[in-house]
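Please go over the structures that come below.
Each of the next two complexes has chain A plus one more chain, namely chain B in the first and chain C in the second.
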Partner chain A sequence: MNAKMLNRVLSVVTPALLLLAWEVASRTQIIDFRFFSAPSAIFKEFVVMLESGELLKHTLISLQRIFIGFTIGTVSGVVIGLAVGLIPAVSAALKPIIDATFPIPKVGLLPLVIIIFGLGEASKYAIIAIGVVYLVIINTVSGVRHIERIYLDVGRNYHASRLMMFTDVALPGALPMIIAGMKISMGVSLILIVSAESLAAKSGIGYLIWTTWQVFEVEKMYVGLFMAAVLGACLTALLDWLERVMIPWKRV
Partner chain B sequence: MVEPKLRLRDLNRRFMLRDRAVDALAGISLDVAPGEFLSIVGPSGCGKTTMLRIVAGLETATSGTVEIMREPGSTRPLNAMVFQQESVFPWKNVRDNAAFGLKARGFGKRERYEMVQPILDKVGLRGFEDALPHQLSGGMKQRVAIARAFANDPEIMLMDEPFAALDEQTKLILQAELLRIWEESRKTVMYVTHSIDEAITLSDRVLVMSARPGRVKEIIDIKSAFPRPRDIAAVKSSPKYGEFFGRIWSLLRDEVMAASLVSA
Partner chain C sequence: MVRRLTRLVGVLTAILAAIAVTPSRAADKVAPTTVRIGVIGILAEAGLYVAAERGYFTEEGLNVEFLKDMVGADAFPGLATGQIDGVGGSFGPELANAVLRGVRIKLVAGLNSYIPGWDAGALTIRKELIDNGRVKDWKDLKGLKIGITAPLPNMTDFFASRYLAQGGLTFSDVEFVTVPFPNMISALKTGGIDAAHTSEPMTTLAVDNKIAVKWRPVSTYAPPGLTVAILQFGPSLLDKAPDVGERFVTAYLRGARYYDEALARPDGKAEIAPILMKYTPLKDRSIYDRISFSYAPPDGEISVTGLEAMSTYYATHNGPNAGDVSKLVDDRFQKAALKRLGLYKKSGG
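And now, the complex of A and B:
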């Protein structure tokens, strides 16, 4: 067996062994089964929740919140980022504010966001949009500033209008960095939605994880954690696909 | 004497390096006739590219004037530059790259695609209109850059060592194609190169520049010896080619030595 095949086998066998060890340890009560339910019990619960539609309901509402908040954050981040990157006056006006507020952990803004936007859906969109917008702005600015000079020279030599410099040169030129920013933002979005839903919501994956824990339905909590992982993997795959479609010239 | 197409008068360019003033160009005065193909050779760092970028409006002269004459009533752009580096946009396909200047001038999509097709055919890009640059060879990408410049139909064409990054065979083919396209359009061309060979085979006149600060050292007339249309192979096998080469090289040699002493 060559090294490559061995690695492939290891990458399947190791998680399987861990699951098996967990199963055995839980059943033989080496670990406390009230907190660490056996994988088989969790899977059973997963099927029940899937059939009742409960799981789908929570997943879809979380997905919707992420989608709306992420879109708002990305679109405004790209627009602001292009302006900051291309127009010195905008940069002078906005850059200090952005730099000063960026390090604030966005989870810490949840109380404020809830006061401003209420307990409804708007506060969920807002907290995700806030988390996303910073990363997208910073990456867009950096993308614009690192566009090769030659492309800007061509734009100037052909007297491209400011709008065309935005749409035909700066935006596509910064696109690889913008999408990299979106990928990082997606991870942040998941953290924020789960936090927001466990704090103030009546639905969603985060709500599911937190409430089931509080009422000691541990299997359901694990199903919630599992779904969060699945959601994250799917959204990452979606962005990878988007990257391939949007920037074919960077494909290796 | 016909009215020149391009008139440079006492062009100076000084830039600051730390707190030291460096003169890149000193007192360049030059007339380029309409339809003329003028090459500029000179040692590295003599300001050839700077001069071209000033004419292109990408840099400003410290003093002196650049005048590009427009035919009365013409709305054509003053210049279009073909750069040495890869300058086609990787995110635009061949057709949209070639039509970039036309888009900047406000032509609608259908109109500019129609305008750009003949020039794409001429530079051998038919069938590649929808390709993205990363799917093309270096020579093909430079064809796109040339098509983009010609498609914009400028008063004068500025070319900054457009074939310098290409391999020898590709370069020969593209030189011949450039001559063919140019002979049809008779654009006024300013062509910067470090290749004496290229300067002789392509140009009507060759301007030899001095080492920094760049001055006009001598302008050599090629056209009277090699009339148009030209066959590159015939030009190169002619005894006059050797004479020109020797003369330009003897002018250039001293300057190259001077330049290497300065930079050492």
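And now, the complex of A and C:
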């Protein structure tokens, strides 16, 4: 078995062994089954919720919120990041504000976001976009600043317009870092949407997790947590694919 | 000499007798037992807070710690592992689910009941709908947006089922809007909801701000004597230290009785208000002159018929079926406390 094959086997066997250990621990009451339901019981509930359509409804609405919020945050982040990275005046104006506000925990902004955008969907999109935009800006700026000077010089020597410097030099050059920022912010998006849906929503995975815990429907809560993990894995895989398509020259 | 000896023996006998009849003095020197109780920090828990402030828990050798917002599902892991000894809370689906899953919780004494004259709960309706004559009778609730605090089934929609039934209405006649209690007033103000079951001080605040009208007291639609907040014990008091549980309930009932007596006096509110201001978020002293206080049953009684009504409602609305709810009640502690205190007789009553 070569190393690659071994890694593949490990990536499947390790989670399976963990689930098995959890199942045994729960059934033998090494762990408190009232709070740590056995994976088999969770799976049974998962099937019930899947068949009833309840799970799909919550998953789709969360996905929609993530997609819209993430797109707004990424597009804004790339545009602002390129501008900050390329134009010293923009950098001077915006960078102190970005640096000062970046450390603020975004979940803590939720009450303000609700006041500004209301209890509806807009506040969910906004909180995700806020979480995403910082990471994408910071990564884009870093990406632009790490572009080898020669590419920028060549662009200028050939009298590339400011727009071309953006789209043909800075953007492709910073793309690996932008994608890295998107990957990190996808995880942040999930954290934020689950928090936002717990506090102010009538649907979504976060709402499902929170309300089922409130009425102590423990298996349902675990199904919600499991779906959040599945969403995270799927969205990360999607970004990995996007990375391969968009920056084939960086293939490892 | 004989006289001296006789006096000495007399003095020694008196000292020994004094020691013998006051065994509790020795117990007093023992470090107090800490009891951790999860609470919401609301007016319905008044009896507990009065007992704490009057020193009744201390007199029982208890050091009581109130853990704010540690109630409902959040408290179950703590109760099961003995990190929390008891909680104050309502009978909701979460409690039924926990019991069905084998979490050992028992209802041991009533903290707050809905009885006529003590209407700390009410059906509150947006003022505009009363002023323009849209709502005059129960049947006029048809078509209104009803605020509930959690998705069905839960306590506020249980109340909705009761008040809608007064007008021959069902859930299909109204629209439900889920609004957490803290947002009810703003939802009434903006027209997000038209009506809701509210409790104090929310009802008075909505009325004071001319947002809503306290339309019908809760006793007109809740099951008679419904125990809406209940003291619940976990395994640490039920099994490991029931004597501590008995002392806790005894002290609590003394608090509930003092509270009841105090509020019967003209100056009683002035004494009770500062205590509630200390333990609840309601810090405005003047509001205590206008609110309806919660009734703390002085004998700690729990209305099983009320619990049955709620349980049946949950079971028939896609909620858990708790089965025989009388089995959820453990009256050992209440009985032991009543044995010591006797049944409550209101002074001058």
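Note that in this section the second predicted complex is superposed on the first by the 228 of 252 C-alpha atoms of A that agree within 3 Å, B and C clash if a C-alpha of one lies under 4 Å from a C-alpha of the other, contacts with A are read in each partner's own complex, and residues count from 1 in each chain.
The rule is simple: contacts are C-beta pairs under 8 Å (C-beta built on N, C-alpha and C of every residue); 3 or more make two chains touch, one makes a residue touch a chain.
Every value quoted in this text rests on a predicted model; they were computed, and no experiment measured them.
In the superposition on chain A, A:N157 makes contact with chain B only, while chain C stays out of contact range. Look at A:A3: by the touch rule set out above, it reaches neither chain B nor chain C.
After superposition on the shared chain, chain A has more residues touched by B, the comparison being chain B against chain C. Once the two complexes are overlaid on the shared chain, A:P172 sits against chain B while remaining clear of chain C. In the superposed model, A:V245 makes contact with neither chain B nor chain C. In the superposition on chain A, A:A100 makes contact with neither chain B nor chain C. Shared-chain residue A:A89: touches no atom of chain B or chain C. Across the superposed pair, chain B and chain C touch chain A at no common residue. Considering their complex, residues 56-58, 77, 79-81, 83, 85-87, 89-92, 100-101, 103-105, 132-134, 152 of chain B touch chain A.
Against chain C, in their complex, chain A makes its touches with residues 32, 34-35, 202, 211, 213-218.
The touching residues of chain C, when paired with chain A in their complex, are 72-73, 76-77, 80-81, 92-95, 97-98, 101-103, 150-151, 154, 178, 319. On the chain A side of its complex with chain B, the touching residues are 150-151, 153-161, 164, 168-169, 172-173, 175, 247-249, 251.
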